[in-house]
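Submitted below is the structure of interest, expressed as structure tokens.
By written order: A, B, C and D. Residues from 1 in each chain.
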């Protein structure tokens, strides 16, 4: 269970089950007949719709969003033609769209600073076969996590970080993201500010965990400020990173009850449990293409 | 807010919004193309799919379930023709189906014994315009609730009940259900056993609230037994009534935390809060045609 | 259940059980021996400690808080002497303290505007015998609630309110608070700003329900802003009113899950359920003398 | 973080803070004056009560339980005399009691079968300094967990187990428990039945995690049966092991929401999250002497 080999073996088994599964995400102006067009297209390509979720931003002149998961025998061989055939439909209905194939696992990078709990939870779920991604690299501005990351066969890169060397640090990080062909960047309690330039490189592809119930306690020291304010619940928020600090589209939030006896240390301890599960949920949903970002909000298709 | 007139006024306004809304529920053998057939049918009848949820019991040779909510201008005038046109499709694909129109409000009866909290919550939600039904009659084996039921303009029928007179009591109840054309029968803490004969009259149309987290504490005295066992959470369960006591399809469950200091009286107090919300949720989902019963379970389309 | 008489009858029964119950709340500089002094005092007055909760703000040089609930046969006749005997102890240890007797029910006023759900929940709990207070007056800047308040035998005062007449409105309200000897003032969705002068009259005796998870969405339109921000949970907060808007000591908070489909109307609907239970809990704890306010936070002795 | 050395270093730091902390648990017939006797005793031994929780099973002729946490400079040197001095008080009031010193860490054994998630969570909390115990041995009937247990410097013993060799297996286990001087035995998804003889060796010292919301789904296959029944919440229960299967005193329970789409595999996945946190909470409370077992229930002093 604790070796790379086993995780790989599990993923191979999963891939086999997933080879005939496709996902189609579409966004377009809402009007009658869209579902008919899409489902008829899939049927004509011998695909059976297994799961379908849709949302209209507005009953009139709104935007239509849909996520379809379909089964198609021999999908791998057919997908190229299917995508080609879809182009005309998309053009006719002004669709933005994405075909995704679960067997083509997304490649994830994890950024972490000193606190390892979120990293550990991600690795644990991944080892367990419950996180459908290849974790291709872990980057940290501390050496602490190296032993157990490398023990799992994952490359660990130590890159010191502070305000003064931010530019060169980010240049190196961007280089590594390219080298490892990273699709998703997970900030698992990475305590450094990212520059707009860096963020723009990875639009809607950086997931952060903020240790408060946003928009309460934006910025630094949320547990300290929660303690000061005397709140009765503390929370955590996972969100896509944008260039407005802690203002990106929220993916998931959760809370736990606290009371007057809980000092800041205790709040952090309770908070770690919340952060772990809130980040993992967000990452899973992203990997399953369940999230659409629209106007600084997320549409979540469970 | 506390008068029948206002509740009626609210419902009129809602009905107006709902006049162009239809719901279609379908159950059939699963195979590719069903969604295409249904969505193309709706599109050809100028209907726009607003909400759609589906479920397959099994990837292979399973049963397919779908609930579609659609918008169609002038639906009232067209629905008869639509339903007629649908017959051939249904026959071709061995569909069981139901067309429902939110403006045709279901007619509900509430049965209650001494404890009024579930009845009160239902009436409150109904007054508030949040329960899309006509409450046409309240039946009780106690007189307690009469004043505030009649104050809302709802007929209240007192029918004494005990084991010895069960047959004639149920005969009278069935007569009233017919007279008031009742679609849904809500047992809001009605503490009498119903005979199989009665239950068969209203298959999948009687919703009960059981004051435990089923299948724990089936039968009488669940709070007493929860206290005896020393559980740390208590719950409530809403379910359709079948002829196996407390074994019917579960619709909704919820729990609250308790501790060793809570005696039976306190458990009941906490439990009332759970019962209220669990019953109301179940009733709402039933009224919105969000529940399909299959093999003693419920499929819930949120 | 729905009449004043029954509510009174219940309260009489409760009073009888409560006649021998006393509560003692103490705040003093922390040092060894305080519990010994207090428990020995109570024992010497034939009182049995039934419940005791304490808290030290700091292990060293901190402040000590304790709430003791004790049983004493014939307490009513003895309490005066007990309180007199306690004076020397209190002086020796620099104690601030309060003796409270559950049978001396606090007198509550409820302020409400148009939305009745919090008022209704309070009245419901009160009718049910679960709110240990006398509701002596309801004040509103709308007439809506009059019928069902007066039906319960509670005086209802309509006082129109707006910015221009605030001074005279508050003068009238203060007069009524004095006339009805009000101990606790509950703002059950009263949508008017109170002046510092008014608030100072009732320090730590005004409980408000704010319809957000504070400190998120301070001020107006919290549900609108929660919708704008795309949060995944909404909440409500009950707190004592101070002269910093929505910044008073928090008593209780709770949340519910929402999603992208929930528009502002739906958020308000879900929010009403949270507001109802969060306000009722806060009021109950206040009535049971379970809350101590310290440095803009609450210590809650459950 | 991942090495034994660091965990030890953390525990040393903690021990230092804890050296002056004592805990006293008392059970005796309820009568006025008990708190006075205990607090005066502690005060006379220069101890300051930091935390105190009590419970009476019954207002009249009940049993009184109290847990006191106190601070005493130089406690280690004084504790023997204190305990000696306490004997007379205990005798006078028919007290059962226990003095506990947090710096004397309890010694824990973990039993595990194939599923490692509960073991992992315990080890994680322990590494993090959040589990105040020495994990002295892990015993399993499978080899899977050996690498990561031994990597933490904890002895791992593989003992194959099945019905036929139960006697000799348990003999070996009892021998190891004695050799390692084990205080607490944690069944972290150990899927073997223990004989009455074994259980009697460790009364109120074996904590099990059962993968259902007891008393629902006692025995084998709870997730399979939860799926069959169509429940809308699944749970887990930690409890002390007695000789009635799954009937021991419940320590903690928690639940998560599930729906009709969750098959047994998904239920197990969700359930693992619940099991992890429910077991860890129970173990923590036990280690902090917060649990008193009385009449097959637990009194929990938080």
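Note that a contact is a pair of C-beta atoms (placed from the backbone, for glycine too) under 8 Å apart; a residue touches a chain by one contact, two chains touch by 3 or more.
If you want to know which protein each chain is, UniProt gives these names: A, B, C, D = Formyltetrahydrofolate deformylase.
On a predicted model such as this, the values are computed, not experimentally measured, just so you know.
**Q** Identify the chains adjacent to both chain A and chain C in the sense defined at the top.
**A** B, D
**Q** Does B-C or C-D have the larger number of C-beta pairs in contact?
**A** When the contacts at B-C and C-D are counted, C-D has more.
**Q** With chain centres taken as the means of their Cα atoms, state the distance from chain B to chain D in Å.
**A** The answer is 43 Å.
**Q** Go ahead and note the Å separation of the Cα centroids belonging to chain C and chain D.
**A** Going by mean C-alpha positions, chain C sits 37 Å from chain D.
**Q** Give the residues of chain C touching no fewer than two other chains, as numbers and ranges.
**A** none
**Q** Please give the residue numbers of chain B that touch chain A in the complex, ascending.
**A** 30-36, 39-40, 42-43, 46-54, 56, 59, 71
**Q** Would you mind writing out the residues of chain B in touch with chain D in their complex?
**A** Listed in rising order, the residues of chain B that touch chain D are 55, 213-217, 229-233, 235, 249-255, 259-261, 296-300.
**Q** Could you list, by residue number, the parts of chain D that touch chain A in their complex?
**A** Against chain A, chain D makes touches at 1-3, 116-117, 120, 124, 128, 130, 144-145, 147-148, 151, 269, 273, 277.
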